[in-house]
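What follows is a set of structures for review.
One chain, chain A, appears in both complexes that follow, with chain B as partner in the first and chain C in the second.
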Partner chain A sequence: MIALRQCRAILAIQLRVALSFRTDLVLQLIRSLLSIVVYYCLWRAVFAAHPQAGGLDFTFMVAYIVLVQVVHNLTRPPDLARELAQGIQEGGIVVHLVRPYALHLYFLAETLGAVAWRVVWVALPLFLVALALGFPLASAAQVGLFLASLPFALVTNLSIEMTLGLAVAWLRQNEGLIQFRNFLQSFFSGALVPLALFPPPLSALARWLPFRSTVDVPLGLYLGYLGPESLMIQASWALGLWLFSLYLLVRARKQLTILGG
Partner chain B sequence: MRAGIEVRDLTRVFYTFDRREGLRGAAIDLIFPRKAHPVFALRGVNLTVPFGQCVGLLGPNGAGKSTLIKILAGVLHPTHGEVRVNGLDPWKGRYRHRRSIGVLFGHRSQLWWNIPVSESLRFLAEIYGVERGEFRHTLTRLRELLDLDPLLPLPPRELSLGQRMRCELAASFIHSPAVLLLDEPTIGLDLLARIRLRSFLRDLAATGDTTILFSSHDLLDVEGVASRIVVIDKGHVLFDGTLDELRARYTDFTARVTVYLDEPASWSLRDKLSQHGELDWDPNEPWVLKAKVKHVLQFVQELTESSTPRDVRIEQPSIEEVVLALYGNKVPHDRA
Partner chain C sequence: MSIRRYPAFYFAFLGKTLKSRAADPGDFWVEVLSVALYQGLGIAFLSVVFGHVTELAGWSFGEVLFIFGAFQVVTSLFYLFFPWTLWFSDHYLVRRALDVILVRPMPPFLQVMAEGTGAGLSELTGVVLGAGIIAFASQTIAWRPTATDLALFIVALFCGVLILGGMFTSLAMLGFWAKATSSAATPLMEILEFAQYPLTVYPSWLRWAFTFFLPLGFVAFVPSAMVLGRGARAWVGFGWLWAVGIWAFAVLLWRRGLRRYESAGS
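Take a look at the complex of A and B:
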């Protein structure tokens, strides 16, 4: 019960904090819209040259690129890997460690706070723009599966962020790791190019990595190229990575070294 | 009697690596394993603080004060030894322990930088599960004790350090913790702000409802506030007793006396005065004498008898000098 009250309080703080950075929200909307426009033009050129490339059609592609942005905005945590790294390196993390909540709960609430604003300011306007562009509406079952997969995508993202952040306790810095993850994730999640267009060895590799949980699975469920069983795989990744990051936190706390204040 | 804080045989070791020097050294470090060697932040510390007592923890930089407070707060894990705060193990009874303590780190802020202090305090009360009525009651009391009214509507980024520290204290105390741990709460504060902070702690200590442990490297901070003083250095407890007991040894501490003379003094005066301690003499500079407190009065007497100084300034012994005096003649090799 107390955890719920805490969660609500942290969420309220995050909503409050986000409100003092309104420019960021506007920029996110512009960035997402620009991204859709750029990809739209790009794929139109591709399909003009090769109709039915990879067995896909242009209507599918338009839906795909809009959904990538919608899913990003609804499941991406704030820059926690860097925030956590800074807290561990400079000792600011102690402020959290002396309070009666789990660090994971705090970062989950922080993520939900960031996402809550994006629902209103980014995802909704995006969706309206998409409808105007002729975005295909899926069946109720597909929409249901899509919505169910979003929390798992969010938890997967969050766990990866936490893992990268906590790695600082051993590596002393994580910028290289973050850049490496950014590259892997943008590629193997399906955010840049649908996994269906990958050459077979790469698409097989993508199937074994957790990144596809964050984009490809929700999109597949909405667009109907994946069935409910992929929701189970996604849930397993989310749970596994979450537990792993919890385990890392316990280990990191034990060997935390913060001297002099 | 219930103990607020119990520490038995507490040791904390950190490991640092020998780093080879320069670019070439760094390159060799990349390939060959570096030698780790232990640094003892705390060695076998014992401390029992009865419920409701106010203890001043004194020591120079790097003495282990911060490490001790962080272990009591459950942030750092002890290498060896037992710790109980309010009867709870900070490491195992995590959330119950956290709810019973209030912590302030002098060089960190627990307030949200961009939102008004009043909102930060309300959020913290929610996080600690403080009931609405209780929160209002505590806030009223804190507003009075810390003069918060003009500060509450402002975000911390618009506050001075002294103002912010008052708000930080309020934040540490918003859930009325049984134990208050303050790590260098006076760091960087001017005299007025320090006096204010001391009077808050004195009022709080007088109620006897809160066990307080606060660290400082300034003797001035503990006077009239802490009923008990613990001095640590190099991870050892050097002194544990009342302020009066520390004062009894005070006359052995070294004070600095600076003398401003208008005309050059005679050699005989200089020789006479240097019997009292270590005299730094330079014809163009004011004289500086380092002497035990008990010899200072006699020095000043002799000085005024045989010359007419423009000004004489006497400085309090610093914590480093107190620590040296507490070691007595057995100054350890790594100090001195």
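Take a look at the complex of A and C:
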């Protein structure tokens, strides 16, 4: 109960903090729209040459590229891996450690604060654009499963982000790890190309990695190519990674020495 | 100081930056890794797409890869020479680093260029990898260039670098009038992404816009199309007109901006 109340208090602050970066929200919307335009044109050219490429069609693809942006905006945490790394290296993290709340809940609240504004400022406009492009509306059950999968995608993202940040307790820097994660996640989450278009060995590999939880699973549930059972797998990844990052935090705290000043 | 000393000055600055960068080779290698991964992602995308189609808007895999490689070379050279355009407003205007520049007896613009160059040195990786992609693509499509082709290609790519440099320099100069343009560069960097694919992918109004309004077509597509025998050489001449025009505009903004700049004394 106390944790919940703390979380609500931090969230209220984070909502106000995030609002002071209104330009960022507008820029984020512009970036997402530009990305949609590029991929719309590319996939139009692909499906013009080959209307049934990989067993998909252009309407599916339009929905896919829009949903990738929507899911990104609703589940991506702020740049916590670099923030945490800086905090650990320069000792600034001590501010959080001496306060009476769990660090994980703080970062969760920070993420939710950033995401909350993007619902109205980014996801909603994107959705309206999508409707204009001929976006297929899913059934209520599919929409329900899609919405249920978003929190798990968010927790998966957040756990990976915190794991990378905490790695600095053992490594000299984590920039290389972050870049490698960006590469793996862009490709194996299905954000760049639907997993259905992958060559078989790669799509098999993608199914065993946690990254698909962040894009492929929510999209599959909305577009109907995945069933409710994938929600269970996604939830297990989210829980497992969350616990792992908690464990890392406990270990990192023992590792850490910060001088008072 | 005479104009003959300028190159020596430029290299002295570059040497200084190199030395400070050499203090942390780890960072350099991490940047090399991220450039390689970023390009790898683009190639992975194209490979998956071409696993299902044989051509994209009339261009084969080899040709699209060729354009992609040219784009990597041009943008890497741009980030190598003009990274300062991204932080000009914040560093030189808001934090007044321009004060130091203005009291030194060298052309201010040369100093800004010289200070910025070393920052993106790992972009050289991008140039090398991009050239590698072009070489691989040339093998795939059995491209046999003559010496003239190669010379024209390099001249055209150089024009692309100048166009990008001029665009971002002009944008940075706007900082003299509006204090927060550093964020305006972000959408422009996103728009750059359009330039890495054949322009024929886009609807005609966008193709028109990328030729006559925002000359992104000249970054990679026009040079590649020309040497692959699929575009007229005259277009490269038109690209140079763009480059000269943009730089004339940038110089004008720079002169006016400097006159407008008031340092905060303290």
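As a working rule, the second predicted complex is superposed on the first by the 258 of 261 C-alpha atoms of A that agree within 3 Å, B and C clash if a C-alpha of one lies under 4 Å from a C-alpha of the other, contacts with A are read in each partner's own complex, and residues count from 1 in each chain.
Going forward, a contact is a pair of C-beta atoms (placed from the backbone, for glycine too) under 8 Å apart; a residue touches a chain by one contact, two chains touch by 3 or more.
Since we're looking at a predicted model, the values are computed, not measured.
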| item | value |
| --- | --- |
| Fit-or-clash call for chain B and chain C when the two complexes are aligned on chain A | fit |
| Chain B versus chain C as contact partner of A:Leu256, first or second or both or neither | first |
| Arrangement angle, chain B at one end, chain C at the other, chain A at the vertex (C-alpha, nearest 10°) | 90 |
| Which of chain B and chain C A:Glu175 touches, first, second, both or neither | second |
| Partner chain(s) touched by A:Ala53 [first = chain B, second = chain C, both, neither] | second |
| Partner chain(s) touched by A:Ala9 [first = chain B, second = chain C, both, neither] | first |
| First, second, both or neither for A:Leu97, with chain B first and chain C second | first |
| Which superposed partner A:Arg31 touches (first chain B, second chain C, both, neither) | second |
| Distance in angstrom between the closest Cα atoms of chain C and chain B, superposition on A | 9 |
| Contacting residues of chain B [partner chain A, same complex] | 14, 41, 61-62, 66-67, 70, 73-77, 94-96, 98-99, 101, 103, 105-110, 112, 114-115, 119, 123, 126-129, 183-184 |
| Residues of chain A that touch chain C when the two form their complex | 23-24, 27, 30-31, 34-35, 38, 41-42, 44-46, 48-50, 53-54, 172-173, 175-176, 179-180, 182-183, 186-187, 192-193, 197-199 |
| Chain A-touching residues of chain C, taken from the complex the two chains share | 26-27, 29-30, 33-34, 37-38, 40-41, 44-45, 48-49, 51-57, 180, 183, 186-187, 190-191, 193-194, 197, 200-203, 206 |
| Partner chain B, residues of chain A touching it in the complex | 2, 5-6, 8-10, 12-13, 16-17, 20, 91-92, 94-95, 97-101, 253-261 |
